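Look for chain A in each of the two complexes below; its partner is chain B in the first and chain C in the second.
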Partner chain A sequence: MAKFTISNKQLFLFLFILQTGTVFISFQSRVINAAEQNAWIVFVIVSGLHLLLLILFDKYYKYFKMNKFEKWLYQLYWYSIVVIFLTYIDFVLKLWAFPLTPAFIVISLMAIISLYANLSKYAVIFNISVILIPFIFVFFAMLSLSTKDLTWTNFFPIGEIELKQWMEGFGKTIYAFIGIEAYLILRPFVQDKKQITYRKIALYQLIFTLFFVITIIYSLLFFSLKEIQIIPVTIMYLLKSQEITFLQRLDLFFTYIWMTWSVISITLFMFLGLHLYKTMYTRSIKFTVFIHIVVSILPAFFITREMVKKLHDGLLYTHLFFGILFPLFIMLRGWRKSLREKNS
Partner chain B sequence: MVLYKDIVDVIVEEFSQTVDFVAKELDWKNEHVILCYYSSMIDTAVVMEQLQTIQKRFESGKAKWGETAFTKENKFTMKQLKESICAGETVIIFPSSDNMISILLPKIASRGPESPENEYVVRGSHDGFVENLDVNINLIRKKLRSADLKIENRVIGTKSNSTVSIIYLTTKVDTEALDTLKERLDQIETEMMYSSGQLEDYLEDSIWSPFPQFLNTERPDRVIANLVEGKIVILTDSDPTALIGPISLFTFYESPDDFNGRVLVGSFYRLVRLASFFTAIFLPAFYIAVASFHFEIMPLELGEQVKSSVSNIPFRPIFEALLLELMIELIREASIRLPSPIGQTIGVVGGLVIGDAIVSAGLASNLMVIVVASTALASFVVPSVEMNTTIRLLRFPFMVAASLFGFFGIVIGSMILFIHLLNLQSLNQPYLSPVIPFEPKKIKAVFFRLPFYKQIPQHRSFYFFSKKGSKRNG
Partner chain C sequence: MKKIVSIVFIVLLLSGCWDERPNKDIAIVPMIGFDGEIGELKGYFGIPGQQQNAGEFSFLKAEGASVEEVRQKIDLQVSEGVDLSKLSSILISDQLAEHDLYSLLDMYYRNARNRLNTSMLITEGSAEPFIKYGEKMGGNVNNYYSQLVKGFVQKSIFPDIDLQLACSYLLDEGIDLVLPYIKISNENDVPEVGGLALFDEGNFTGKTLKREESILLNVMMDKIGKYAYITYMDKNVPVTINIKQINKDMKWDGTTIHIDYKIKIGIMEYYKNDFQNKERKKELEKFLQQKLTTDMEKIVKILHDANSDALGLGRIARAFHQDLFEEGKWKDIYPTLTIVPKVSINITDTGVMD
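Up next, the complex of A and B:
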């Protein structure tokens, strides 16, 4: 069993990078296409529901005890996410940065980063995200350059969509919450158990929501709804249209920030899987190397536009299961078991 | 008499019949004694004076006549005799009582405490350590007149018997780091201890890391500033270099000049130095990536200039950069090995004449010369020779990565470097402290020279400390 402790700041930073990672440039157009001007409202509502989920997780995380089969199931889920994300990253990099470089080289190099971090001590995993903190501010500074070009009337009308569109919007929004179950895995390792209060969870969720809502609003105000229908990654195109004195292509610069962000997010997902593996088996180095080889080979089979879309759509449903339903079921089972033990 | 001659012969044999070893019989009231010393390591007049003092004390019948401020009485053993003689002591052996008296006044060659040439400061103390442990400790004690200052010695090297001193302030030192250091010192098994560099190899947490895990300095003021911060100083008897640990990456960017100058000036140059870390490592790689892959990232006018300057060169930018970097390294090595007036000439000839000739011959572009020269300047800004060489070395893999994959290569390389730095420790303490683990209160002292010298103990581990003092790690 792994022995480490983390602070509440490390937990929330881990969760933030894990959840934002690869998805933060790709989901805006999906949500806006589904819920139009109400996309940000949809996001705020879903975010509120996830806040409740986090509070629930925090209250009952002690009952989240998985058996061996469930641990393998979760590992499979996280390794699949890594494969899908690697596929997507390579797809985007092929479009924006280097179309000629073979996929396996790009993916292998990214997998090597994850391998190196996961073979290092635990402190590396929990501190690696710190490198991204300045990039968060750089990202918003870049985004703010487009403020002068925003069309504020794109904001309206609000509320004029049908129930079906609302529901579709909710579905697409869930994409931004992939990885929330990591809270249950890491919460027991927070040293001072009382340190995490509901207020802190709410603050985390507020920062998380603001991060995404700002990107949705900028996308919504910069492009018309018709433009967004044909632009899959609005943030990239938005930055492509900006210029500063010493940098012609902000988007290209941002691509590498996003790539760093994504690679770290992948590293964290791999850590979650390997952590569960280590709770079952003591010898883990060979498996760590093996699983990294596997996840760097698999994406080569999926790098087409259609496949990327299909995999992404599939993720929504698996998230509903592994991020919400399954954890609730395990916690309920654990709670009932502890109740029985108490009574007997 | 035959007995004494036999003993003398045995002793001379034990000391390899070396010409500078002296062992002779001496009359001592009613008996004979044997006097032993290395003639090359004693001052005869001083030793004779001490000898007379002991004889007088003996004749006056004092109780402990053999023990004075400069003499020590021991049981005679061959091992003890060898240790004392090799340390430059003069030994009087009393065969009848199996005792020996050592006169602890070796003559050790030493130069004066001049300003160290590799750590020059504009303002402040110009003292520097020398190759004599006592002088070095004297220089520290002169400036740090505190009873808390503790010095512990270890003898390392079965043949060299070198003395290594561990120096720290008892009230400030981090005991965990001290225990780690002592443990590592005690584990050293070697015949010879040549230098502080060799000692560093034994003490470092990660020997294969390009980053130094001890701060090397020849400046007593730098040593004292670090002692006050709770760090541990290691001095050897053969080297003017002091090793300081545990340190963080940012320790290498602090200079005594920061604290001797104005607050704003000190802060500004600290920031310049820290920025130079990134310039020295990434600038050539960045240029190669732009020239080879990413013209479009630059404004149109600048992009055109880069394009036109590169198009006239027969090599790829990586070869151009490697050629110039190699030239700079050669100039640097040549100027170090030569006496300083010639060294300066080499610098001028190398920098101006060869640089200009290379451009005229069309082997490298003007822009590349600017990039390589700026990089060299940035690397020389670091006030530590070890860190300077480290960052000079690091830019080569980044250049290769940039030439293969452009910015992607730089990003991958940076992440590997970052993970390596996260893994790195100095005496089991985090190398990136106080940035990681993040300590907001201490971080400003990293980037700015604060209005007063605030002594903050370095972070001990990957733990965060809460207000109440409980610790949490990651």
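Up next, the complex of A and C:
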């Protein structure tokens, strides 16, 4: 069984990169297409619900004890996420940066980085995200270049939303919360158990929400709704349209940042899966190599526009199960078990 | 940790080797022009020489059903591959622009390599002589028209609309596009600015604004560049003003829209120089107010005649007057609106002189 401790900052950084990586360039158009001008409101509400979920996770994480089957189920889920994300990354890179580079080269290189990090010390996994912190600021600086081109009337009308739009927006928004269950896996490893207060969780969720809401609002104000229907990667397109003297293609520069971000996010998902594996089996190196080979081979079969869309749509439902329902069920079961033990 | 950070960067950068595009293998096209119509399109490509051939200029033309087909046919005429990633200007003839401008632009939006900051211009008559003029542009050939546009954006004659923004306007029901309009000078056969081309739902209306009117339209849109100079004659004395700041306030009263402009101006030239007299200053302000209001009313009439919502009133209606916006098709409602501009002027700057 793996033994390590992390600080609360490491936990939240891990969670932030895990949840934002890969996802954050593509989900804005989905949410806006579903909920139009109200996309950001829908996001804030769903984020509020996830804040409650995080608080619930924090309160009852001790009861989150999985059996072997459940551990394998979660592993399968996370490895599937990695395959889907790798497929998506290569799909986007083919369109924006490397149209001629063979898919297996790009995917294998990303998998090799994950393999290296997952064979290294735990400290590498928990500290690797630090290199992304400056990029987060660079990203917002680049985004702010488009402020002068925003059309503020696109913001309105606010609040006129039908139930159908609300439901669709809810579904698409959930995409940004994939990986929230990692909190339950890592929470027991936080050094001082009392170190995490609800205030800190709320602060994390606030930063997370702001990050996404800003990108939604910029997309909404920069493009007309009809435009967003034909532009799936709004943030990239927005950056592409910015002209700065020292860099001809800002989108390409951003592509590299996003790629680094995504590779680290994938590394973290792989870590979660391998961590569960290590709780069951002592020898893990062969499996680590094997699973990395598997996840780098599988995406090659799915790199088409239709498949990428189908896989992403599927992710929404699996998140509802693995990110919310299943953890709640396991915690409830653990809580009842502990009650029974107490009574007996 | 250092090792892994280095690996991340090195590995990611190396993966681009397949996609390298050495300059020797491509022919960079900075400007293209189109005539005809979709189905029978005529394309004109201006290609400057690279490296040892710098200073040379090739003018190529081809016909095709679509923009992409024209590009492919041009591609067959050069030994290198035609590359549009540095395209700085697209010129479209007025007759071609009359029918669905978007149909000519789709190709540029689809390819990630293409620039979105490309300038777009409408030409009086065929675009051919404008591209051919590249032979005389010398070292400026790569950015001749885009620099021209930039210069006139600074002078508030053109709004700052590039290929990306044009797409936004073309797909937005609440605003109509205006694009730079250029023509060949009768005096010396040199391309010169004609004003602004007005669009109605993505189709060029055939109506244009003159230079002075274009400045005023930019003032009305509150999209002025660095300078916005306008000259009027006040009792046979020329007065040149520079519009510095605009505050726009809009009031909707049913189908009547009152637009109040509070404008701060600087005096650039006024040899009568009697600003020490406060009454006289007020008189001049009043004169300018009347002049600008009358000219704005003329602009409104031109826009109405062209059914061009260049002011983007549809966007405001969509945001705050949904009942009006959703009553029917916006462009059917727009001509029925009464637009009443009113200007109040405040002279805030008279230069180093009083």
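The rule is short, and it goes like this: the second predicted complex is superposed on the first by the 344 of 344 C-alpha atoms of A that agree within 3 Å, B and C clash if a C-alpha of one lies under 4 Å from a C-alpha of the other, contacts with A are read in each partner's own complex, and residues count from 1 in each chain.
Here is the rule we go by: contacts are C-beta pairs under 8 Å (C-beta built on N, C-alpha and C of every residue); 3 or more make two chains touch, one makes a residue touch a chain.
Just so it is clear, the model here is predicted, and its values are computed rather than measured.
On the superposed chain A, the positions of chain B and chain C overlap enough to count as a clash. Legend: residue contacts after superposition of the two complexes on their common chain; A:Phe246 is shown touching chain B, with no touch to chain C. By the touch criterion stated above, A:Pro157 is placed in contact with chain C alone, chain B being left untouched.
Contact with neither chain B nor chain C is seen for A:Tyr317 once the two complexes are overlaid on the shared chain. Residue contacts after overlaying the shared chain place A:Glu227 against chain C, while chain B stays out of touching range.
In the superposition on chain A, contact of A:Ile128 is made with both chain B and chain C.
Of the two partner chains, chain B and chain C are each touched by A:Met259.
In the superposition on chain A, A:Phe329 contacts neither chain B nor chain C. With both structures placed on the common chain, the touch criterion links A:Phe290 to neither chain B nor chain C. Once the two complexes are overlaid on the shared chain, A:Leu100 sits against chain C while remaining clear of chain B. Chain C is struck by only one stretch of chain B after the chain A overlay, and of the options 78-86, 420-428 or 438-446 that stretch is 420-428. In the superposition on chain A, the residues of chain A contacting both chain B and chain C are 97-98, 101, 106, 109, 112-113, 116-117, 120, 123-124, 127-128, 131, 243, 256, 259-260, 263-264. Interface residues of chain A, counted against chain B in their complex, comprise 4-7, 9-10, 93, 97-98, 101, 106, 109-110, 112-113, 116-117, 120-124, 126-128, 130-131, 190-192, 195, 243, 245-249, 252-253, 256, 259-260, 263-264.
Residue ranges on chain C touching chain A, taken from their complex, read 1, 4-5, 7-9, 11-19, 112, 116-117, 162, 164-165, 167-168, 171-174, 312, 315-316, 318-320, 322. The touching residues of chain A, when paired with chain C in their complex, are 95-102, 105-106, 109, 112-113, 116-117, 120, 123-124, 127-128, 131, 149, 151, 153-157, 160, 222-224, 226-227, 230, 237, 240-241, 243, 251, 256, 259-260, 263-264. Interface of chain B with chain A (complex): residues 293-294, 296-300, 302-303, 405-408, 411-412, 414-416, 418-419, 422-423, 430, 435-438, 462, 464, 466, 470-474.
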